[in-house]
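Below you'll find a set of structures to go through.
Shared between the two complexes below is chain A, which has chain B as its partner in the first and chain C in the second.
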Partner chain A sequence: MLFQVIVSGFVIGCVYGLIALGYSLIYKASGLMNFAQGDVLTLGCFLGYTFYTLLGLPYWLSLIITAAIAFFFGMGEERFIIRKLQNKNVLTVYVVLATISIQYILQNSIQAIWGPNMLSYPRVFPWNNVTIFGVNIQTESVFCIIMSFILMMLLQVFMNHTKFGTAMRASALDAKAAKACGINPSFATGVTWGIAAALAATAGILLGPIYGVFIMLGQTIGRKGFAAAIMGGYGNVIGAIVGGVLLGLIETMSAAYWSSTYKDMIAYGLLLIFLYVKPTGIFNEKALNR
Partner chain B sequence: MLLEIKNLCLSFGGLKATNDVSIAMEEGKVYALIGPNGAGKTTFFNLISGVYKPDSGTITFDGQRLDGKRPYQVNEAGIARTYQVINLFKKMTVLDNVKVGMHTKLKSGFIQSMFHTKSQQAEEAAIIDKAMDLLAFVGLKNHMNDLAGDLSYGQQRLLEIVRAMASEPKLILLDEPAAGMNSTEKVELNVLIRKILARGITVLLVEHDMKLVMNIADHIFVLNHGQKLAEGSPLEIQNNPKVIEAYLGGGAKK
Partner chain C sequence: MKSLAKKQNNKLITSIAVAAILLLLPIILSVTGNSYSILVLGFIIIYIIAVSGLDVNFGYCGQISMGHAAYYCIGAYGSVMLHHYFGIPVIITMILASILAAVLGAIVAFPASKLVFHFLSLSTIAFAEIVYTLVLNSPGKITGNAVGMFTDPINIFGYTLRSNTAFYYFGLVVCAVFLLVKWFLVKSKIGRAWIAIRENEDAAEGMGVNVVKYKVMAFAFSAFYTGFAGAMYAHLVNYIGPDTFTMKQSVMFITMMLFGGTGSILGPIIGSMFILLMTESLRVLEQYQMLVFGVILLAVVLAFPGGILGVVKDVIKKIKLKKGGVKNVVRN
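Now for the complex of A and B:
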């Protein structure tokens, strides 16, 4: 029982982590909170369903196509909405409001295209379960955890050890200084939003076979991903993952051993305590106005 | 000619900030751009480095047209610059600042980095070597692990110059490098500019400190009201009545 609980905590925790990574990347690059992040997960889930279930493409191919579409969606969102607003020099809160608008437009568009009913993926792997330590675990869950960790590692290498990753980090720290170093900060910021969206959509297609496909899937996960990002230290890449897994574990444990009805209350109560006790997050990001 | 600018114009509303300016620069010399306050020196720098787009005129660098190019494209073409207001990554270490400056020259891609190949390791090591070498060049090697924002003002200026050099430019534009430096640091700057030249990098600087300019420049361009007033050797400029008139008439500092 305990092992299974931990595994499902890890599954949802990894998904929170992927979403939180997106929040952190966007926060670093544009100084914003993007409310639409969770709904891009929903979009990814539906797109994956379309390619895999309706069009019969292989799962891995559906995953790649979905991530690619989401990447361009994220880049477009930044270029045609967010940056246009930022160039007008409006207050940050207006830009955040724009992301709320995008969130609801996206939700309704998904409903208009795919309808309001809950859908489900057929099995992805020919075998239902894998046995680890004598416990049966759903194969898709194991796959979700492994894929999440691979993605996080790839991102870490990409950000810290490649030319373009360096350009992204430099642009996020100081766009003007980056320009002086031969970097095109607007392109780097666009790619950052693209990566954030691709991560969310990938989380969606990984989660689809486990949780099912429905309109509100991403909204709740999106909010928790945000909580996870702050717990880890808002803007910190490793913190996002740790915060995500931690939140997933706390939530699943409280559901399993206490009350599944009040698991959110417990998780968010902890978050509130966390904000008081350690506002800088686990990895000490700047959180105080000084 | 390394840099050839012909009939460059830029207006802001009704103000002609750069008005039909033509200059030519050869490789391997120190050039200075001077003029009273508001003469359009920084605007001219911003035109060369791609921050502004000219209304008309051409900028040819190393046989390549640069007018209308973006700042990062100008940098790729081989022109690096520093700013009047210090423009460093203040929260990065001194070493990392130089490494970012070098990044346009990197070759290893994602795959090499992923698998941490030999070529990538060698490149990484070479980068650090080169960055340390550059830092030693301006005496900042001992500070390589400090945050750039913690350096003294003069040191930050030096770091900005080194970061600009890291992209291996053919031409470096220095916008008031001596601003905020004390007299010792100014002497060091003088030496540094000569050393930069010795590395085969041509220098164009905007500077208010006339003593420094007259000491170091091989050739001086004088701007006034957005137009080129005069050009020549320091001696010619010092004795040019039009220049003296512009400076005294404009009430600018000596």
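Now for the complex of A and C:
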């Protein structure tokens, strides 16, 4: 029982981690919060379902196509909406409102296209369960955890050990200085938003076989992802993952051993406690006074 | 002097005309058979009060709250539950519930006062979500959980506001009182302190303004307004359910405030009217209502980031520039 609870905590924790990772990237690149992230997860879930079930593509291919579509969606969102607003020097609250309206548009177009009913994913792998330490675990859960960790690892390598990753970090630190070094900061920012969206969509397609495909899937996850990001230290990449996994574990544990109705409250309670007591998070990220 | 007297005369005439229209509006609407519109007018008044409260917080003190649905909820549920369980007359419960909202607003604002924009908005969202979860899953089902609660209309000294028209007149008076209080408040020392905090927190602190105290005050006032609006809502429709108090409601308040224009008395009035009439007219689209709403919202944010009042001000400025040259604009 305990082991299964831990595994399901890790599954949702990894998803929180991927979402929070997107928040951190965006915050570092643009100093903004993106409320549409959770609904990009929903979009990814539905797109993956369409490619895999309706069009009959292999799972890995639908995963890649979904991530690619989400990547361009994120880039487009930044290029045509967020950048336009920032160039006009509007109050930040208008940018926030724009991401919220994107959230509405995504949610309701998904409903208009795929209908309001919950869809169920067919099995992805030919075997139902894997046995670890004598306990049966759903294969998709294991896959979700492994994939998330691979993605996080890849992102770390990409950000720290490739030329473009360094350029992205440079333009996030100081756009003017980066420009002087021959980096195109606006392109780098766009790619950052794209990566964030692709991470969210991948989380969606990984989560689909476990939780089912429905419209409200991403909304709560997206909002709780903020709690994960705050816990780890908002803007900190490793902190986002640690915060996500921690939140997932705490939430699942308390749902299993205490009460599942107040599961959501725990995430928001943690968010408030961290903001009030230690706003820099576990990893002491000092991005607060931007 | 002569022109000043004339200006005052003009102002008097306009205000009398506005008052006459406001008083006659339900009669005109009921004669033309639009009784539903009177209910919409009631909703507009409720939103004006709620959004004016939010505007105290954001427009004057510069503190964002994306969780004002929580105070709306506390006002509504507080009033209904006090009436239901203790039998206190409705009008008193409304005031008690708004005071409760104000106290909770202050309690939330006190530790949040050091947070800046994004993180302040997250903390208010988290608070609103906690309130929503508690209302939906209350211990012992005292809030009726997902079923909601039924309640009675407002009763003032034995006279019950059963019709929407009666509610409209009551709301008009309440709204006028709330707007007047807001007007006096922002002109007072407190309002000046708020504006100083909005413009530059460090400078305000340097001038001896107690930043934490005034921020907490702004939150409490704002929560009182929104809480009272929530209580009015509850006793207008005589039913409350948790679905009314989700984050969508908070976003609605912010949208109305931003579109009318922040930091003014008139802004929330224009914003509430405009956005509410828009959502009402989109109702025919049924399931696509929120989709179209989102698209319009996005388009307007992109096209006029200053809100409706900002656009009007720009247009007036342009007309004046054409008419009287630069001098006229500078003088105004």
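Before moving on, here are some points about what is shown:
Basically, the second predicted complex is superposed on the first by the 286 of 290 C-alpha atoms of A that agree within 3 Å, B and C clash if a C-alpha of one lies under 4 Å from a C-alpha of the other, contacts with A are read in each partner's own complex, and residues count from 1 in each chain.
The criterion applied here is as follows: a contact is a pair of C-beta atoms (placed from the backbone, for glycine too) under 8 Å apart; a residue touches a chain by one contact, two chains touch by 3 or more.
Just so you know, these numbers come straight off a predicted model, no measurement behind them.
Residue contacts after overlaying the shared chain place A:Trp258 against neither chain B nor chain C. When the two complexes are overlaid on their common chain A, residue A:Val157 makes contact with chain B while staying clear of chain C. Of the two partner chains placed by superposition, A:Trp60 touches none, neither chain B nor chain C. In the superposed pair of complexes, A:Val93 makes contact with chain C only, with no contact to chain B. Shared-chain residue A:Arg223: touches chain C; no touch with chain B.
Once the two complexes are laid over each other on the shared chain, residue contacts for A:Gly182 go to chain B alone; chain C is not touched. More residues of chain A lie in touch with C than with the remaining chain of the pair chain B and chain C.
Only residues 154, 157-158, 161-163, 166-167, 170, 173-174, 176-184 of chain A touch chain B when the two sit together in their complex. By the touch criterion stated above, chain A contacts chain C in their complex at residues 27, 32-33, 81, 84-85, 88, 90-94, 96-98, 100-105, 107-109, 111-112, 116, 223, 226-227, 230, 234, 261-262, 264-265, 268-269, 271-272, 275-276, 279, 288-290.
For chain C in complex with chain A, the touching residues are 58, 64, 66, 111-112, 115-119, 121-123, 125-127, 129-130, 133-134, 137, 247, 251, 254-255, 258, 287-288, 290-291, 293-295, 297-298, 301-302, 305-306. Residues 51, 70-72, 75-76, 80-83, 87-92, 99-101, 103-104, 106, 108-110, 113-114, 120, 124, 163-164, 167 of chain B are the ones touching chain A in the complex.
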